[in-house]
Amino acid sequence: MYEFVSGPLVWIAFIVFIGGSLYRIYNMLSSSKKEKVVFPHMSLKHSVASLIHWTIPFNNQYMRQRPIFTIISFAFHICLIIAPIFLLAHVILWDESWNMSWLTIPDAVTDGMTIMVIIGCIFFLYRRLTDPVVQNVTDSSDYLLLAITALPFITGFIAYHQLFAYKAILIIHILAGEIMLIAIPFTRLSHMLFFVFTRAYFGSEQGHVKNSKDW
Amino acid sequence: MKPTIVKRDLVVDTALDQCAAKLTPEQIEKVVNEVIDNETGGRLQTYVNTCIHCGLCAEACQWYLSHDKDVSYAPVTKVKDTIWVLLEKKGKVDGAFIKRCSEIAHTECNVCRRCGMYCPFGIDIAYMMLVVRRICAKLEMVPLYLQDTVHSHAATMNQMWVKPDEWIDTLQWQEEEGQGYVPSARLPLEKEGAEIMYSVIGPEPKFLAQLLGNITVIMKVAGLDWTMPATAGWDNSNMAMYSGDFEIMARVERLHHETAQRLKVKKIVMGECGHAFRGAEYDGPTWMGWMKPPIPIVHAISFYYDLIKSGRIKIAKKAEGPITVQDPCNVVRNAGLGTQLRYIMNAVCEEFVDVTPNGRHNYCCNAGGGVINVGPPWKKKRVQGNRVKAEQMKRTGAHTIVTPCHNCHSGIEDIVDYYKLGMHVKFFSDILIEAMEIPEHLKPKEE
Amino acid sequence: MLKIESWDWESKEKMLADTAKWKDKFEDVWEPYISPDGEKIASIVKVGEGEFNIAVNEGTWEEPFEKIWYSRFSPDSRLTALITKDMEWTMAVDGKPWEQMYEYIWDTKFSDDGKVIAATTKLDSVYGITVNEKTLECPVNLESIASYAISSDGKTLAAIAQTLPLGQADLDGFLKGTWSVVVNGKPWKDNFVDIYGLAISNDGKNVAAEYRAAICEYGIVVNGKPWNEKFGCTWEPVFHPNNSNEITTPVRQAGQWFLATNGRIVWDKGFVSLLYQTYSPDGNNIAATVAPQFAKWTVAVNGQPWAATFNECLLQPCFSPDGRKVAVIAKDSGKWLLVVDGTVLGEGYDNIWQPVFSPGGDKVICKVEKNGKYAVAVNGKICGNTYEALWNPVVSPDGTRVMICGVEDGKYYRKVVPLSDI
């Protein structure tokens, strides 16, 4: 089982993730051409300006209005991306299989980051359950996406601390990671891919076409 | 997903009510899919697929805030209750649903684009509401008075059923009014090769003719070479853009720009209106295949900014007491004129009091986006839907609100009235005409 | 037709009026107009409080009026203007007002020979087209006239008119149709939702227009009979110059514009935009302003777009007399350009007026503006003097000379220059 999930399934997951992502982006770009104004309205300068502006915390009205949300959501997204990439155990796996390695972050830090991701998931779950606006637009898919996101981190945390059933948890952890990778291109987790594009377009339209700003 | 709980007072709009009863499911399905397949593309799909249902857009909307955070007014709810369903069911919905779509898109959203600035992804919810309006328009599901206004555009190429002779006659009358201030003032009609074509919106000749007298004086004092057309094409407003009848929108905008081309002017200067600027600068040209208008269009704010800054118009006596301003969404948030607006306000007011939030973050007046044009049946809802504006204005302690936009002007007047704010609402040119210096040689000779 | 041959093509230069003197003589002087033959220049002038006149060359009209506007010369060089007397309006021709007075009068138009002078009039709250002082009788009271067209010979006058009253916010009434076309006083049998883009064939026999069939449905109607083909949108129809049964129109289908003749799409390629379809003089070729892509404008001749595109806009293309060349005014990055067969000629200007070809087609002549001065440009290059005011140059019928009329230092000159010299 372990061999399967850590061998061929990893391949499949990464192929689906990368291939699927490329396909989704290609599909989005080509279907955007149907609307003749989209590309002529784009501007690199305003796209970059928008992206930089929106990736700095507290740089917008709503971020300042909602400090807790801002801190948690920034921390969540940063940790979500950084922790798995620079986790020592993951880099070792890459090194063993591909002879590739890169900088790692001390385990204590990645551990903290994992906790941060889990806190983020709990926070988002709490919002989904309590904020009337969010509640009103929440359906099962939103909970499922939250679960897909949380699971690799929860299991990773348990596995790292070897709290119980290490082998089984490890397999579930790998599986959960793979599910998440596969889900990214084909669910609304694809906001990870499209963020750059939607921001770039709105930034361009507000800045380049409408001579204003999108923040 | 559970349906949204919607509590609304009953509004009778005969056009919507009658049309909803007539619609067949086949008709609806055909039009929905036609619009989605032929008129939208990756942008709409990406917006829908990227929305992570976070609800952050809610805080941006004056409807939501003014209704004590009633979820049914949140921008994301408006998307959920319209386009999500239309896409998911591939247009298999009934007349009642389309009627609700029209109510949401035409009467509960000003397509002011404030929510776009609150979305972490920059999802342009107003664009999606315009797609909904487009579907509604093709199904004739447009509120009565808005549709009537669009018919006026279609038949007369102006917003107010103004006939060609009434237009010219009004200009000639207002030329005389202007001559009361400055005897040598002239409102030059059909002057080919002038530097500027001045264009206005339909309500000016119909209800606010003094604004045409004002501009006659201002142009003379500034010594500018200008003209106005004596043909259709004089009206820069465009409610077809807001009903979703884009063919009529394009016809109106095309005529407006071609009139400027025919008169061989260097630029069009337009009166104080926001949506008209949007239509003439952006939506109209985009539909026509122009990146920008073929003859540049200058909004009144920029025009007055240039005149005051360059000293072509000097201020003799600033307006007294605290005066505040309303930022029209379509020229501030969506055209970047907020700084220029503040410059001219400071130039003509002794005590300019700014609003909070201001500039491109300001709240919409709730009249824009065609919402005031849906007419009397919907007025109460519109005014109640902008309590935050009333509170914001009250906080300034000003006696007068300057609104460099016709929709804002009427919308803010209604708000002042309903919430008993006791403030005056004026156009910038009303203040300017009183404040500016009329050079000695232009003044009427003492008898 | 107008007898251009009979104009003075011999006098090299005539100074016909010193308009600078007008400014001393009158309280206010409006922008000048010239007669088509260039012999007269006229301006509306203010002669006193509520008193206006028209200065023509060295003189004025005999009688001043309370108000004067829309001074226009007819093709046979008579000066018309719209005037008020005792708060009523009428047309004055060479200073003599029509006997009939109106509540309002506007939109003066002429037949090609100038013998017919027409205008829209309003009398006792009824609208009409008035031709040489006589209002065309119409069996119904017209509620409004949006616009009208006159045939070359002046015998056919067609107006887009509202033939039925419409109540406030009466959507059903509107969609049943309140607009029609009134040809020489006779309304078409049926009403339509809207009518646009009125055209009269060169022989004056047929009248065509766009009509709106439903909210987003448009078609072409000829002599009151709508075609079966309907489109998402249309622009104004144009008649073949020699065949009044052939009508060409831009039509929109599935978000693209196509060119259609008699309702059938004839150019297989669709465009983002398609405007100003223009026939060559013999009718064998059609050019149109097109945008193959968003904000990339060019001319397509018989469906084939030029390679060069321009990023702002294009005006109406025009053919050389032999129909082989096409010229157009284009705007690119803020400058106006003269483009012939896809090649920019000369430099960019602040403004360019509609060009004319020399009879041989080798020279394209137009009025241009640069730094507030006007000049005649040949193949895009300025030739000769600059002027404070200038009118479109006219090529003589034999193609050997060009008449250039302009104002220099306040003096109005009419010059005739051999085409070979410029």
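Going in written order, the chains are labelled A, B and C, and every chain counts its residues from 1.
Keep this in mind: a contact is a pair of C-beta atoms (placed from the backbone, for glycine too) under 8 Å apart; a residue touches a chain by one contact, two chains touch by 3 or more.
Small disclaimer: the values here were computed from a predicted structure and weren't measured.
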- request: Examine which chains touch each other and state the graph shape they make (line, ring, star, complete, other).
  value: complete
A-B or B-C, whichever has more C-beta pairs in contact: A-B
Task: Averaging the CA atoms per chain, pick out the one whose centre lands closest to the mean of every protein CA shown.
output: B
Statement: Taking each chain's centre as the mean of its CA atoms, subunit A sits from subunit C at a distance in Å of 61
Message: Roughly how far is subunit A from subunit B, centre to centre by C-alpha average, rounded to an integer in Å?
response: 39
Task: Round to the nearest whole Å and give the separation of the Cα centres of subunit B and subunit C.
output: 32
Query: Which positions in subunit C touch two or more other chains at once?
result: 272, 294-295
Task: Quick one: which residues in subunit B touch 2 or more of the other chains?
output: 289, 291
- request: Enumerate the residues of subunit A that touch no fewer than two other chains.
  value: 36-37, 40
- request: Flag every residue of subunit C that touches subunit A in the complex, lowest number first.
  value: 272, 293-295
Field: Residues on subunit C engaged by subunit B in the complex (per definition of touch)
entry: 27-28, 30-31, 67, 69-70, 103-104, 106-107, 120, 122, 127, 144-147, 162, 168-171, 174, 178-179, 193-194, 196, 212, 215-216, 218, 232-233, 252, 254-255, 272-273, 291, 294-295, 297, 311-313, 315, 331, 350-351, 353, 369
Message: With touch defined as at the start, can you tell me which subunit A residues reach subunit B in the complex?
response: 27-38, 40, 50, 54, 60-62, 65-66, 69, 127, 131-139, 142, 188, 190-191, 194-195, 197-199, 201-203, 205-206, 209-215
Field: subunit B - residues contacting subunit A, complex
entry: 1-2, 4, 40-43, 45-47, 49-56, 58-60, 64, 69, 71, 74, 76-77, 80, 116-124, 282, 286, 289, 291, 332-336, 357, 360-361
Message: Applying the document's contact rule, which stretches of subunit B touch subunit C when the two form their complex?
response: 15, 38-39, 137-138, 140, 144-145, 147-148, 151, 154-157, 163-165, 168-169, 172, 184, 186, 188-193, 230-232, 245, 247, 250-251, 261, 264, 266, 288-292, 294, 375
